[in-house]
């Protein structure tokens, strides 16, 4: 259950959503996406109220979602997965070129069923699938979870490029090193509420603050 | 929480059971007693079906098949072993055993994978068995079925008392009150023969089995079943083996259905595919349970009684209504054709699933 | 050009021969069934020869080496194979919509059989309305009439499907128990409505003139109509496959069967696609009903409920949600039913149950279960 999530995602910047397992980060993303019902409160996006809209309408409003479990269509080929990401009729060749350069494995296995990809490649595909078309907001749920460092650096590289395009991103990340490297803003959640939010630089530079937020979640365990 | 109002439900059920208990003395005639016996048998059948449907949330289309197995068990025992009671009990037991084993097998195959498979597979198996029974005419009598004998003590030729017992005939009441029929026509005579004994055997068995099922539903076992119905995943998470419970209730339900079938066979002294097997009876059973009220054994009592009465009276009512509108609204008259009674019950069925999932029993319970 | 870390090499590269053959096994079952059917027929012809014979010296001798010649009853086998395939194709046409509807929205429609019966009655009505075209000894006129009947049936059942989805099914999305009960109720009412519209008794119908005959091929009589049914069923299968593989709608449907939530989160209105699939599936059931009615040359109000038994077996063994599994399952059921009916008529329907049991023992979710995440 979420209670008291107060989150501001500035346009054109990357906001990291941090916090221990079960703090409600994934729930926050799913609720924004309309996959879970909003009981109370408001979700404003580009002048629209998203609460009460279905996931497909929210996606059409310009939000791209990379779920924690990646949501790959295993029986479809890599190319078909990508095509579903581009809601316009044709995929733009320059985007494809850019993405296959960022994720060479996708180009290699372009016509393979996505179910045969490795975990890291699936994550690349899931990310590439929303990046195939520019979106106004990207919701990305723990893209680096359980992946080898080499794969993480490929993903981080691609996310950097997305950031440099001026994309607005709200991303859940457990790996603080990754979060620090990509995020301009940070919000920390615990027990279904936001307990801190501000500039990432502030959080990264203040060991005491990190400790306090860290201590908070340790206490939560006891 | 709805305890005060549920007196209404208890009252309705008590009236029905009392009427069944006194049926031979209240409603004279062979047909009335036959209807009462059928109601008793179907109460057992419907209540056992409700164990699966209402308590465990499993839809089976093979329940009538299990019913038929008990019935054919008795019939085959009588034909091959003779009419004495031990043989018939053996036959009923064998039919019940086959039903339980088959239920367990179907359950193992389908409930393990997806509960929805169960509905489809039971439909397929039940229709295959029905076809098989009508084809294996050497064993089962085929489409014609089997007529057989039951113990002398239960047949009409056995007389227990030299003089008939006194009974009532309420149907004569209007004649006595408004007409000039003699007072004596209010009374009837009930012969204390084997048929009466058979009726009370059926009635008593119904009471025992109903009490047994009622006991089961309020036991921890019944509570777990309802927990599974409400939230399968949570029940599994708490540590209940959902599949085992489901298979267990399927077997119990099938076994009781077979016993109901055995009672039916004893009452009718006949079994045939159209009487104890087949899809139309399955449809009737669904209508009885859902309209009566899923999730309570009392719903079965009400549903069966209502259905059996409606079957007779609804058709009369429709015939009358049809006659009334035939001249002016021929299109409506077609819909009111007495043979179309099932259509109206079907509509009622759909509406009850949407709007009164707890059926009539649920309405009575909540007092609304 | 692969520079992915070796630890993440794609699994397909490591898959051995058996891994690559696995998806092909269901496809091989059909020829295997045809072969088994032949063996069965041949064995039955040989059976008397296997019984021991008393020699003059009083010893027993088996005549194992005096088996029937291999071409014995080849013609029966050919006839049975064609009618098994025809039956399978017709069941496939009726079942395809059902399996997709389940795959997409987890909706199981026990009233699907109503569309089969209503389609059959609609088609037969059209056929009976034009006796001139039906009696004409012109293949073109006959086919035009059958085509018209099929279109009328599909239009009626498609429309009814849309209404059924809206009125009966939409209120019970996500609740299996209620779905089964309500759609069953829909079937009961629909059967009664058939009686209201078309009267209480069955309707007998003769096929159009040019579809009555049979071809003779290697001594085997093969009905023209069955060949036509095989062709039409195959064409429909290929068409459905093409739509699923090469159109955007097909892509959405295939993706939706695997993960409907994600399809929605990518901005597609899955509900709308589902309604479309439901209507198309109902129309196909209606078409299947016309084909089945012409095959049996009689239509009854309960035919839908009866055929649903086979349709469910097919959908289960194929794997819920898989059109290809449904196609192969239908062919297997059709062939099994025909071979067994020839060898031992009483065991026909039981043999389909046995087939289902065998396949579920091998793959509990069916041959080609799609998605499999629920």
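Think of it as A, B and C in the order they're written, each chain with its own count starting at 1.
Basically, a contact is a pair of C-beta atoms (placed from the backbone, for glycine too) under 8 Å apart; a residue touches a chain by one contact, two chains touch by 3 or more.
Because the structure is predicted, anything quoted here is derived from the model rather than measured.
Nearest to the overall CA centre, using the mean of each chain's CA atoms, is chain C. Using the mean of the Cα atoms as each chain's centre, the chain most removed from chain C is A.
For the pair chain A and chain C, the distance between C-alpha centroids works out to 44 Å.
With centres taken as mean Cα positions, chain B sits 58 Å from chain A. For the pair chain B and chain C, the distance between mean C-alpha positions equals 35 Å. Multi-chain contact residues of chain B, defined as those touching 2 or more other chains: none present. Chain C meets chain A in the complex at residues 1-5, 7-12, 15, 248, 251-252, 254-255, 258-259, 261-270, 370. Listed in rising order, the residues of chain A touching chain C in the complex are 33, 35, 54-56, 59-60, 65, 67, 71, 73-76, 80, 83-85, 87, 89, 104-105, 107-109, 112, 116-121, 129, 148, 150-151. Residues 108, 110, 168, 171-172, 176-178, 180-182, 184-186, 188-189, 192-193, 195-196, 200, 305-306, 308-309, 312-313, 315-316, 320, 345-346, 349-350, 352-353, 356-357, 360, 364-365, 374 of chain C are the ones touching chain B in the complex.
Interface residues of chain B, counted against chain C in their complex, comprise 53, 57, 59, 109, 112-117, 119-121, 123-125, 127-128, 131-132, 135-136, 279, 283, 286, 290, 334-335, 337, 339-340, 342-343, 345-347, 349-350, 353-354, 357.
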